[in-house]
Structures are given as structure tokens and as C-alpha cells.
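First up is the structure itself, then whatever we jot down about it.
Labels run A, B, C and D following the written order; every chain starts at residue 1.
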Amino acid sequence: MLNKNQIAQRLAKELQDGFYVNLGIGIPTLVANYIPEGISVVLQSENGLLGMGPFPFEGEEDADLINAGKQTITTVPGSSFFDSAMSFGMIRAGKVDLTILGAMEVSETGDIANWKIPGKMVKGMGGAMDLVASAKNIVVAMMHTNPKGESKLLHRCVLPLTGIGCVKKIVSDLAVLDITNEGFKLLERAPGVSVEEIIAKTAGKLIVDGEIPEMQF
Amino acid sequence: MLNKNQIAQRLAKELQDGFYVNLGIGIPTLVANYIPEGISVVLQSENGLLGMGPFPFEGEEDADLINAGKQTITTVPGSSFFDSAMSFGMIRAGKVDLTILGAMEVSETGDIANWKIPGKMVKGMGGAMDLVASAKNIVVAMMHTNPKGESKLLHRCVLPLTGIGCVKKIVSDLAVLDITNEGFKLLERAPGVSVEEIIAKTAGKLIVDGEIPEMQF
Amino acid sequence: MNKVFNNADEALKDIYDGAILLLGGFGLCGIPENCINAIVKKDTKNLTCISNNAGVDDFGIGLMLQKKQVKKMIASYVGENAEFERQLLSGELEVDLIPQGTLATRCMAAGYGMPAIFTPAGVGTEVAIGKEVRIFDNKTYLLEYAFDADFAIVKAWKGDTDGNLIYKATARNFNPLMAMAGKITIAEVEEVVPAGELDPNQIHTPGIYVHRIFEGKNYEKRIEQRTVKKLAD
Amino acid sequence: MNKVFNNADEALKDIYDGAILLLGGFGLCGIPENCINAIVKKDTKNLTCISNNAGVDDFGIGLMLQKKQVKKMIASYVGENAEFERQLLSGELEVDLIPQGTLATRCMAAGYGMPAIFTPAGVGTEVAIGKEVRIFDNKTYLLEYAFDADFAIVKAWKGDTDGNLIYKATARNFNPLMAMAGKITIAEVEEVVPAGELDPNQIHTPGIYVHRIFEGKNYEKRIEQRTVKKLAD
């Protein structure tokens, strides 16, 4: 079973040289720590920045320079600032090559729910609905099950949806899966995790085709 | 009968302090020379400038700084440059207080034609269609008749339209007229021009109500 | 025509009960601190606030929520505010949560004289309920209307006496969009300079969109998530 | 990933017969001179050119018209070009004249992922023929579609190796809008600097929209209407 940093590390393998990438809050943010050698990507933050850099050194924080998670950050050379309309404009126009975000539930058809638990939690969708409706390449970082051990990879989502038919791939603590026309397709399993465990913890339709390799980092 | 500069001079009386003004090509451009003392207006050029100034001194022309008539110009303090989408955005949103433009024909209902003579001339509408469709206050500068002496203030326009029901006022070489629900309404006559001449040279419905004063400059 | 005011109280003196306000900022970044404090002091009521976030409990729009000045909140994310959640769950506060890009683009639409725009955000979700749907080139979009707000209240870095504004870094966010979208736009800036001092090539919001400007005082610029690297890292 | 090319020939080497091009500039101001000359040299045919104007007889897009490379021209104003008028009247050239703000906003729509926009420009005129009409709040609008162009070819003042662009004065005009709207965007600039040299707060076109950039040579920057004041004035 992967920890959060290992999930981020595996997600980083989805990056390609020259990609513009939007990383959501939580595990996706950690992906920035694992960008492979020799690959250059530009991080987009939907509050109006291309070319997000690492956190600032202590004492160098600038309240006017934050990411979409409201964290103080820095910029890298070649960065640019713009307003929120242009930010979501480039997202809607498909200029962002890869979007990685978290999810509470994903369905076997690629629906995603991550913004609301009726009666319990209403934080709002932020930019997630725009991102999932627009990005051509959406990868979800999530735990395979909830704290009670129930699968979060479902036949259909139970929670209010963020977007429909949009998720292309999932990297969970247990596995890497594609979303195909036939359902979840198991691609890789986490080190030490058996195919049987993944099958048991995936409620939606799961395709297991041939030998499933262990993830490489 | 007014010459072009006098028409411009009369038009300048429509300016109010703090107005943002778009001046079309031809006579309207000359209005900038007659801005009344104590009044400050900001000139918008739809190719992307607020705060247009006078022509540059010889030798100081900048090919990157022109107005919508492609003339070399300067800027005044407080000017700003922007792209054409924002330029027409502010026009559509009604932020420009006054638009003065030329016309080939105007109808008694405020329709305007100024971009095309079928079979003869097709230069294009440029920004005129956007301006007349959006501006809340459109004043036309024009000759009352064509070179053959035929009225250009018509019951209905004959030439292809630029916009419908949009012109609020006309300053011609003979008269100042409002466009009202009942047709052209004569407000002022040019020095030495009789009401009878204006009636004779106005083909559209003309309301002459009481004594018509001579224009003041 | 003078656009320059002495302070927030003067710039906001005609804000009235029941007004619809656009309030700039993302989180606590680039929010109009002086204006918000002035509205709290003035105790204007029944406001509709359109803003990406609702501040935190004791800063930003959170202060207006504490005083129950807000009737309705239109935002994309409100997850940092216990009082907000309380008022929402108790039904005291009307809330319309909308996608962030939709929020931004509905402001832009108002500023650009476009009555409505199409966006795919929210298709197939509860956001789409009751909305007009249209397919272009095999993709489904929602029709979303331009905001119609009484006042836009924004924060910029520098501004000039003609109302031209320049924002700093990610404090830009929604501010230029809201500045374009208000019937009356009030900008508070860190520094007001005479017209002519700002480079016309670098203006983010042309003065035509800004009706009132003043130099704000004592910016706190609170940081919500202070994330740092230690020098040793 | 390298975006920097040596010259126009290299940056444009995959432009093909029948392509749809967006070409920046207003009149002769801010036009991509080097790219236009390269397309003329390459003699690409059957092009659809979307540009506010069509150059003059012997400069800008006029050069492409002289060589009959243009099948269709989409523009707002073409009144400075005798060869254009001849080809139009003879039927050799297909022409779509559209309002200038519509041209600008259809570019922006493409760059912002909006399939269509509403504008009042052209309502009640021949521009409206065949177009969908819709009334919002008692005002009538036309539905106009985002451009779908193969290449956007723009001119900026400065650019960096990541493709970030800054325009100068009114040479900005349509360039940033077209830069956003191309499937492939090619920018020629007066000066290419290393990434990091431009102030991120002053970028007009973020590099995400720009696929290729090169430093143009020998700009003529012809002036169409040289209007001056004599020093004595």
C-alpha cells in the first residue's frame, strides 16, 4: 500500500516534457516534489499563475503570491500572472495538458465526486468543476477505500457529482487504473498488494487482463 | 452652411466633463480640436487606446502608435493600451459615454448606413457596427445632402444598414436634429440657413416646433 | 472629473441596504480590506456578496458574516469559515455555490457587454439544474448569465488619479474582472499616483472601468496558509 | 521543450495549402512582417486569412493577395487595397466582412474555450443574415461562433524562450487574441530574451498559448497615415 508521497511519486511518471500541469490540493500538490530528471513542466495555479515554484524560504513569504490552495509559494523563471478569467480560459480551451486532482468517489464511467457531502460538508467546488469539464487529461489521486474500508471506486457515484465521464486514470494507494469504455482497467498494483485485494476493494466494474505488474518508481 | 470644422466645433458642445468619447474617422476626428475650456474628456480609439492625444511632432511618429484611422498619434497622461477584445468589450458594456461618427444616410427612426455602396464600394464596417449597436449616445456628423443635392436624412435608408434605431442626434452642415419617436426634430439651424431650406433638404419626417434658434458656438 | 476619494468611508458612502456587491480577492489574497472594514462599520444590511470566497471567521467577508450583513453569498469555495457554515446550515444565509471559472467568466461577460456565456463547467451536476443546456461540436455547455451588480469593490497594487489599475502577482485574481463588472466600481490601492506615472502598456484595468479610487491604509494582508521551506532544506 | 526557432522559414515550415490562418495586426501596425514574407516566399496556396485588414497593395497581406495565395479573407475593413478590390469584384476572392468587435471576440472565445458568444453588432443588418438571434433583457444579440483556425501568426514586441509575450502600444490590437486562438501559435518578436527576464506581472500573452517564437529581422513598420504637427503649430 502506498503512502501519500508514494502516490505522488507514481503520479509524477505521468508528466511529460513540456507539459502544462494543474495540480489540485492535497496529494496532487506533492507531485511537484517528484518531477523526473530531464523533464521540464510548467505548473498552472488556477488563481492566476503559470510557473509556480516551491514554497518560499522562511521570512520570504509574500501574501500577494499564493497558490490555489492558499499556500505561500514562489515563481520560477518564465512565469506569468493573469486574471481568473484567462486562467479558466486556458483551462477550458484545453491548453493545460494534465490535471491531477483528488476525489471522494470515481465511477467506472469516469464520473467524479469531490466537492460536497450532503448535510455534512459544503465547502464548494472551487475550480474543480471547470477543470474536470475542460481538461483533456484528468488523473485522479485518491485512497482506494474510505476509512471504513468501503470502496471509493464505484459503479455509480453516490455523492453529488463534480463532473461526468471525465476521469482518464486513477492512481490510488493500491493500484493504477485506466477508465475505459468497459470500466476500470487495472494497469499496475502497488508493491505487495495482490490483484485479489484490488478486486475486493473495487466496487465498480474492474477489468483484469493478464499479468498485472507491480508499479515502478 | 457649416464647413467641416464648424460642424466639429458644434459637435464639441455635446462633450461633458469626464466623458469617455469615441470619435470616428473624418469630421468626428476634428472634434478633438474644439474641446471646450474646463472640460476634460478621454478619447477612446477602438484599436486599443484610452487617452489619445494630438498628432506627434514631425520626426516623433511611432509606427506602433496609431489611431483607428491608422494615423500616427500620441497619448496623454493617464492613457492605457489594451487588446481589441477589451476595447470592444468596454464599448459593448456601455462604458463609452459618447460616440460621434459619420454617415452616408440616417433614417427618421435612427437607422444608419455608412459602410457599403453595393457594386461601388466595399471597404467594410470596421468597428462601426459594434459602436452603433452598443453605445448609448450616438451622434452623427454628416452633410445634409449628397453632392447631387439629395437629402441624406431619409424616411428609410436605401444603403445597407450599419445599425438600426441607434442614432440619437445629427449635426449636419445645415442643422442640429434629434431623433425622436416621431422622426427628426429640428433643434438648431446653421447661421444663415432658413428653416425652409432645412425642410426642403430633409426627406424623412421632420418636426419643426416653434422658433428654431441659430446654432451657438 | 475627480475620481479620487480620501478613504473607504467616503468612497462607499452611498452603498445601500440590499445592494449587490462584487468583492475581489482569492482567499484573503487581494481582498479590499479597507472597504470591507468600512462596510462593517457602516453596518449596511441585506447585502448580496459575490466573491470567490467568504473570508475567514475574523477577517475579510467573514467580518460581514459575523455582523449578519449578508443575505446571500455567491461564491465558489467557502471552506474556511465556521460562522459561514453555521449560518448556511441554520438557513440564515442564502448560498449559491458556482464553479470558479463560471464566477470569473460571468464577471468578464458583464464587463464586456456579453449578456451570457457558455461553459462546460457543471454539466451533469447539480449546478446544471434549471439551466439551459446546449451542445456545440458534440460537447455540452451551460448557458450562464453575466452578473448584474450594483457595486464592484476591488483591491489593486497601484492606481492613478484617472482610475487606471495595476495588480500585483496572484493578488490580481478576480479583481480586474469585477472592476469591469460593476455599475459603480470602487478601487482601493496601496498607492495612488498622478495620471501619467504608470506605463500605459502595463495597465491591467483601464480607468474607464473605475469610478472611485482611494489609497487604502494599514494593510494587514493576512496569510491563510503560511507554507515555507526551512533554509536548511 | 524548445519553442525557439531561428527564423520565419523554420517556424512556418509545416504551413500547408488550404490552412486557416489568424494574422495579427491593425492596418499595418503590429503585423507579423517576417512571417508574411516567409509565406509569400513559400507560396502556400488556398489560404483562409482571418485578419482585421488585408494590408496594402505592396505590404502585409497585400503581398499574399498579389500572389493569389488567399482563397478567402475574413476581415472587418479592407479599404486600402486596390488588388483586393479587384479580386473581390472579379469573384477570385471569397470575402467575409464582419464587425471588428465580433472579429476580436470570436478570437477571444476560441482562446477561452467558449464555443460561441453573443454580440449586438450587426443586428438588423446584412451581417445578421442566417444567424441565430436572441433577446436578453430587451436587447437583441447575434450568436457568433469561436474561430477554429489552424495557425495563429502574431507579432509581439518582446518575448521570452518560454513563449511569454509583451506587445507595444497599439501594436497589441488583435495579436494577444489571435495568439490564444490558434491550434499552433507562432510569434515573431523584436527581441527574444531568456525566460525570467520579463516581469511576470507584465506578460500580455502567457507562454502556454505560444508554441513557436523567433526573433524577426529588418522590421519595416510601415506607417499608413503619417500625420504630424509641425513644430511651429
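Note that in this section a residue touches a chain if its C-beta (ideal position, glycine included) is under 8 Å from a C-beta of that chain, and two chains touch if they have at least 3 such contacts.
This is a predicted model, so every value here is computed, not measured.
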| item | value |
| --- | --- |
| Farthest-lying chain, centroid of Cα atoms versus that of chain C | B |
| Between chain B and chain A, distance of the C-alpha-averaged centres to the nearest whole Å | 56 |
| Centre-of-Cα separation between chain C and chain A, whole angstrom | 28 |
| Mean-CA-position distance for chain C and chain B (Å) | 37 |
| Sites on chain B at which at least two other chains make contact | 75, 81-82, 85, 88-89, 91-92, 134 |
| Interface hub residues of chain C, defined as touching at least two other chains | 105, 112-114, 119-120, 167-169, 200-201 |
| Interchain contacts (touch definition) - all pairs | A-C, A-D, B-C, B-D, C-D |
| In the complex, chain B residues that touch chain C | 17-18, 20, 40, 42, 44, 50-51, 75-82, 85-86, 88-96, 134 |
| Residues on chain C engaged by chain B in the complex (per definition of touch) | 1, 110-114, 160-162, 164, 180, 194-196, 200-201, 203, 206-209 |
| Chain D to chain B touching residues, read off their complex | 26-30, 52, 75-80, 85, 88, 95, 97-105, 107-108, 119-127, 157, 167-177, 204, 221-231 |
| Complex contacts: residues of chain D adjacent to chain C | 105, 112-120, 136-137, 139, 141, 145, 166-169, 200-202 |
| In the complex, chain A residues that touch chain C | 45-49, 54-73, 75, 81-85, 87-89, 91-92, 111, 122-130, 133-134, 160-165 |
